[in-house]
Amino acid sequence: MNYSLLSLEILVTLLGVTVLLADLWIPASARKLLGYAAATGAGVLLTYAIGSGAPADGTAFGGMFVVDALSNYFKGFFLLAALVVLLLTVDLSDTIKGYAEYCALILFATVGMLFAASANDFVLMFVALELITVTFFVLVSYDRTRSGSLEAGVKYLIMGALASAFMVFGIALIFGSAGTTNFYEIAAHQAELGKSPVFLIGLALTLVGLGFKVAAVPFQMWAPDVYQGAPPLTTAFLATGSKAAGFALLMRVAFSAVPEITAHWSRLILVIGVLTLLYGSLCAIPQRSVKRLMGYSSIANAGYLLLGMAAVSLSGSTAVLTYLGGYIFTVLAGFAVIAVISSRAGSDDVSVFAGLGQRSPILATGLTVSVVSLAGIPPMAGFFGKFLLLKAVANHAGTERFFLVALLAACVGVVISLYYYFNVIRSMFWPKSVPDLTPIAVGGATRLALVLSIVGVFYIGILPNSLVTGARQAAAGLAPQSAVAGHAAAASAPAAAHH
Amino acid sequence: MSLSQLLLTPFAGALLVLLVPGNYRVVHRFIALVTTAITALGAVSVFAAFQPGIAGMQFEEQAAWVPAAGFGFHLGVDGVNIGLVLMASLVAFAATCVSWDIEKQPKLFYILLLVMTGGALGAFLSLDLFFLYFFNELALVPTFIMMGVWGRGENRNYATFQITLYLTLGALIGLSGLALLYSQSGANTLDWVTLKAWLAEKPLSGHSQNLILPLLLVGFGTLVGLFPFHSWAAPGYAAAPSATAMMHAGVLKKVGLYVLLRVALPFCPAAMNHWATPLAVLAMGNVLYCGWVALRQRDLFLLLGNSSLAHMGFCFLGLAAANVIGVTGVVLIMVAHGLLAALSFGLAGHLTKVTGTSDIDKLGGLLKTLPFVGGALVMAFLAGCGVPGFANFPGELTVLFGAWKSFPIFVILAAWGGLLIGGVYMLRAIRDLLHGPLRDGSIQGGDAGPWRRVPFLVLLAALLYFGINPGSLSDRIAPSAERIALVKSISAPATVAATAHAAH
Amino acid sequence: MIPGLHHYLIVSGLLFSLGLFGVLARRSLLVIYMSLELMLNAANLALVAFSRFNNNLNGQVMVFFIITVAAAEVAVGLALIVALYRKRQSAHVEDLTRLKY
Amino acid sequence: MDAHAAQHAVAASSAFSSRPEDLAWFILLLPLIAAAGIAFGVRRSPFLSSTLSISATVTAFILSVALFLAFGLGGYASSPSPFSWIHVGSLNVDLGLAVDRLSVLMLVIVTGVSALVQIYSTAYLHGDPGLSRYFGSISLFTFSMLGIVLADNLVMMFVFWELVGVSSYLLIGFWFEKPSAADAAKKAFLTNRLGDFGFLLGILVVWSATGSVSFTEIGNALGGNPTALGGLASIAGLLIFCGAMGKSAQFPLHVWLPDAMEGPTPVSALIHAATMVAAGVYMLCRSYVLFQAPGAWPAHLWFLGDITALDIIAIIGGFTALLAALIAFQQDDIKRILAYSTLSQLGYMVMAVGCGGPDAAMYHLTTHAGFKALLFLGAGAVIHACHHEQDIWKMGGLWHRLPVTFRTFAIGTAALAGVPILTSGFYSKDAILVAALDGGHPVLFGLGVLVAAFTPFYMLRLVIVAFFGKPRTDAARHAHEAPMAMTWPLIALAIPSIAVAWFGLGDFLSAHFNPHFHAHEGGGLFGPFNHAPLAAVFGTGSLIFGVTAAFGIYWGATTDPLPERLGLLSRAMRNRFYFDEVYEAIFVPMHDMVGRLAAAVDRWVVSGLGIRGAHGSVELAGRALRLLQTGNLQTYTFLFAAGVAVVVFVATK
């Protein structure tokens, strides 16, 4: 069979192993090199992935593993996230015990994500997810000296295991009722499968597992605690890679395995989305801990993305993918700053960021850009993404009251979010009390990572065309035609909205 | 000067200021001043080059942006926005002048001010509704920040919070309306010109219109301060620094009306007919209710804020009338009120700076000590109560003429509000603030020096020019207004019976 | 009599519910974790039963995957719980509420 | 649109061609130029300002006279091609000038009086710090007034109407530090605004009915179809009349005029005698064509039957005339007496219009402008002489101390009282009485005669008390004649008070309103007695009655004997029949109350409940919701399981 399809996965794994082995020879003083090496590797692979090296479409492992526009789209972002996070580790390497392992684990998690992006079978999906999750158990609790980190780890462990238990049971039921676990084969029989309650229960349980990954209400409980407790860089990777992987699988299952059933469930997804975004926005208001704030904010953002999925249309999927792209840059920029500051101050309370404007312009810029983009304000990436999402929802608001309500709820959510996002900005530039104004030195790698993400945020915000085109292809490769058909049955959206 | 150059100038200026290190304060000011001056001159040249009597777009510029989603970058001016562009750039220049002695973080202030200017211009120049919204948001955010940081008064934080909440929610609801327009029209674009042609072929269904219009009215109405979504305005302006109040009350507020003119009127005609009367009622809410509220205000800024809300009422009335006269009147008022609001808030800011208070009860007889500012303020107040010679008069008159046929009763009320209620609070303000004996503690400083007079003189000159020669505006507006108006120009004379019936 | 598919499913369903009950009701992290493993095994039982009755071996392949993954999970999990116990001298959920609200 | 553009071009090119009526443009613009010159140029120097303003006005006066002679007597209406002001859809407003007998006559009056008043002011206000502002405002006022006179359409007239309001506001409030002056200015402006409100609505009605605002076009429209206004004919007329009510201070909007006396006396002479207050009457005459249309009421006002708008106007005018005359009986402030006399005379004119005699009204307007300005300026001279003492009971015996003032004042009084043959006042008043008779209003005729008897009474009261008897205060004792600059405007104004009658002005005006008019044979000075003896005899009789009564009561009196004779009535007169009190009690509180209510609602309901409520509830929801995040795994797992149950239930349903 054609191994070139797996080239990325293989190479990243090798990179991880290399880092582990290299640690045995390299002296502790030069540990930084490992980080650089890992980052460079990721960078090279990234250029390779989005450049010529992108493997042609095809399937492997008897259809379990598929390479298509969607998988390539996501893989690019996974590698990017890995690259940025690894760059960020470099300047913090002294604070991380077992630095090499940390880098390696990040790479292994990346491998899981890469597989997730290509998973075309419930089995592979499960394995990929577990690879990600189990790695993250370790990454979250990596800071063993801090009991917060451990607590977060254990919470993530229990909830994660619970979720995967449900998912496995779900997969069992699916297998039982469908006789197969391959997405394409299931898609072929979804008409009659749609009538079998066992299959539906199984599918629901599987989606529960994915809902846990993307932290959708009511499976979001873990997110704030874990985001707050985990080491900042882990949180960064969790908020970007892991979440994106969740959505990658969600979209695969929803749109390429069971598009018609998804179309029937669009209202359910919509309601979940609205609840999620409102829950996230509301709970974020009184937060003091910035990491916890980001946790709630990531819940809220999952809500917006679910709205896009609920639209069950090409424009909806395009919007979701575009938004995710911008979101990854945005969050990375934010966590880069949070990581630097909180590891310095040993706390991530808002007050720690007071006067950052004077202390380190570049950090302040990074956090500001991130927060403003999250708030969905032009000319940042967040604005365009949100606009596309609202537009996708609006497509059906004309015909379905549910969507109109969702649209307005989303507006309210955005307004609420402004409230706490601007609190962060205010404390950065116009603190209530006078903070210490000792300037903060920022390492080269961190600078690089910051600049990378900030440029990304602005680029996507101002010239989103290339991203949108990519996202559109990816979404189109997702067998959206049947999705549209299925949807047209369910929600009878104006056809013009789809192309 | 091409439109794109005009639009880019402020942003270029902002970038320049950003690049100059923080301690060169004079340089920042200078750059900002020159930039806005260039913008203003450019706008004047465009206005002069604009050919009256042509209904279509002029100086169009187009570029693809996100073809995948059907968004394009499209600039152009017709009668509806040319005057607004001119007004915006003049106000921006004035605003930069009056913020000459900002002490706290001047660099950031000027950057925000320039971004605001660029955003406002972009909103008026963009024919792609997405960019219209984009630039409007871009201009709104600096407003909030400026209020929060450089604002005045003890409850400025709350005012900022309130205005942010209101305007963002309003904008988003309006955006939902636009998004619905995008999907319902099926044109798969938000380019106004394309949409206009497309919808001329296959207009929106009544259902879609009734869905879209309320969103637009509530959303963008909120941005304008349509009763009862107005309570952000007065406290907001009271808390904002002069320049911000000038820019927002003068320019940004008009974007909402502009969108309603551009989108609601031509694209949702049926719904517009259906909602005309309720809208007119709300307009009365602005004219009368806000007027009465203004009667009670003893704070100069609250007074001005409420009076500017009252003026917006005339715009909504003209909008409801939806005929070419009414629409032209609306645009006339938008331009006039932009200049006037900027003038009033600028002068009020100067006065407050000099006397240290904006409480009318603590002031009096200032005309004696501040002959220029006082005199200019008298003119502003008179213009505010619709005295001929200033640009507001022809605007409000035109609106009344336009609305007479459809809403005689509301016109009578509006005339009452404009001529009498307006007259009462404006003259009361002159009486208590400028006339009468000098109150103790009123005076700690002098009148505006020659340079400080420039912004006010510029605005006054514009007000007077358009007041004495409104034709220079209306001849540009009318043809384009004809295109978006629902009721085409009224055939005169109407049947007397109808009029008699309508009037009673 | 010969047990049919539904007998196996009922058993696995019972196992699953048992596990879930354990997760919900017990306070000790270790017990909770064991209950989770029970739930996984309930799934395994179902899979095996299905593959047996559908004459389709994929299900059993899946089981092997699950067992492997579960093993890895347990390894990490127990390590974590132990570390936590070392740190706090307790492995009870109610002592695990420093991160909240 | 192109049509407009073309027309516009034509206008621009031909506006200043060599036709005589184009002089009107210069006449109109000269004062504006002066005002601008003062504002932006010579503001610093009072002398230059006054010179600029005066020379501009004088030039305008000369041009007006030239225009008058050029073709005024020829008497054909004509208007220079208009400048386009605003053209939208069916709303077309041009800035055009109506040059005809009415306007040229008014031009002469306005510019003439304005010039004299300004010359007078140089001395009267000598040394006042605000002199430049004064002349600037007065030039602006003159410009606005000329605008009203020349406007050839309703909107333009409304524009200048408002401007007159503003400039009079500036002039009345000239001494703005004085609270009373500031209040008076405000009151005058707002009261006028009340009238303008009606005026504006009237314009709207006329426009929507005839499709035009230009007098000629309206005239044509009504000429073609007299019932074009339909059911709104009378309403339209009355609404337009509201404007006149404001400017010409007709009951019930008369309250501002007496207070306006807070302004400098020359201003009173200009505004409150000759020009602004006359604007109302002029406007009625200018838009007389509207009132000639057959009156009609909307269906549900049927009970008004065949009462026309003119009837109502006549009644209001007559009532104002009587009311003001009565109030004038018991005023002691010399300027207020004149103010009420002005009110009364204006009522007279309005009544004349109402009785269908616009020519008579214009006639009286012309003569009255002359002698009332004279009287005010005279009063100014007296006040000046007595160190700003205005109470006539604190004067006395001034006749030989102020010879010129006294003589001219006497002439003015005679003219106002209407001494036959000699004075212009007699003829114009006679014309009004005749109009009342011809118009078939015997009651109003009687009322007119009554007022004609009251007028000499209160005027002679003034003259006798102020100029004769012994000086009652040192101020009066040491009074001395005013400087030249003040005295010879008096003389200049005294001449027309006598002489106007000799030029058959009445016929000149009648010919304007009635093309088929030809002067009565046997006109001349005794004309009235020949062709309308009844009116003339009654007029003379009432004069004699008034004079004798005045001499009988006031000759040698040191205090006012009327109060004990009339008792309560005189108290009422003294207090101006309590109109201000009533208004103060009703209108001001009404608006304030509504305002207070609105402000409260805005504060507590809209922003209180609405915003703070929303804010609070959102924040509260956030704080409540986060309590779900107990941090306890048990809670989490439980919620998770519950969530699963719900999702599965909904999904399979």
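Structure notes:
Each chain gets a letter, A, B, C and D, in the order it is written, and its residues are counted from 1.
In the analysis below, contacts are C-beta pairs under 8 Å (C-beta built on N, C-alpha and C of every residue); 3 or more make two chains touch, one makes a residue touch a chain.
In this text the structure is predicted, and so the values were computed from the model without any measurement.
Located most centrally within the structure is B, per distance between chain CA means and the overall CA mean.
The highest number of C-beta contact pairs joins the chains B-D.
Look at where the CA atoms of chain B average out and do the same for chain C: the two points lie 65 Å apart. For this pair, chain A with chain C, the centres built from the Cα atoms lie 27 Å apart. In this assembly, the C-alpha centroid of chain C lies 97 Å from the C-alpha centroid of chain D. If each chain is reduced to the centroid of its CA atoms, chain B and chain D end up 36 Å from each other.
Shared contact sites, meaning residues of chain B that touch two or more other chains, fall at 161, 165. Residues of chain C found to touch two or more other chains are 23, 32, 96, 98-100. Counting partner chains per residue, chain A shows two or more touched chains at residues 154-155, 158, 162, 166, 224-225.
Going by the touch rule set out above, the chain pairs that meet are A-B, A-C, A-D, B-D, C-D. Residues 626-627, 629-634, 637-638, 641 of chain D are the ones that touch chain C when the two sit in their complex. If you check the complex, the residues on chain A that touch chain D are 154-155, 158-159, 162-163, 166, 197, 200-201, 203-205, 207-208, 211-212, 217-219, 221-222, 224-225, 265, 268, 272, 279, 282-287, 416.
Listing the residues of chain D that touch chain B in their complex gives 1-2, 4-5, 8, 84-91, 155, 158-160, 162-163, 166, 173, 176-177, 179, 182-183, 185-186, 189-190, 193-194, 196-197, 200-201, 204-205, 207-212, 221, 227-232, 235, 298, 300, 591-592, 594-599, 602, 606-607, 610-611, 614-615.
Only residues 123, 126-127, 130, 134, 137-138, 141, 144, 147-148, 150-155, 157-158, 161-162, 164-166, 168-169, 171-173, 175-176, 179-181, 224-225, 228-229 of chain A touch chain C when the two sit together in their complex.
Contact residues on chain A toward chain B in their complex (touch as defined above): 315, 318, 372, 377-379, 383, 387-388, 390-391, 393-398, 404, 407-408, 411-412, 414-415, 418-419, 422, 426, 429-430, 463-465, 468-469, 472, 493-494, 496-497.
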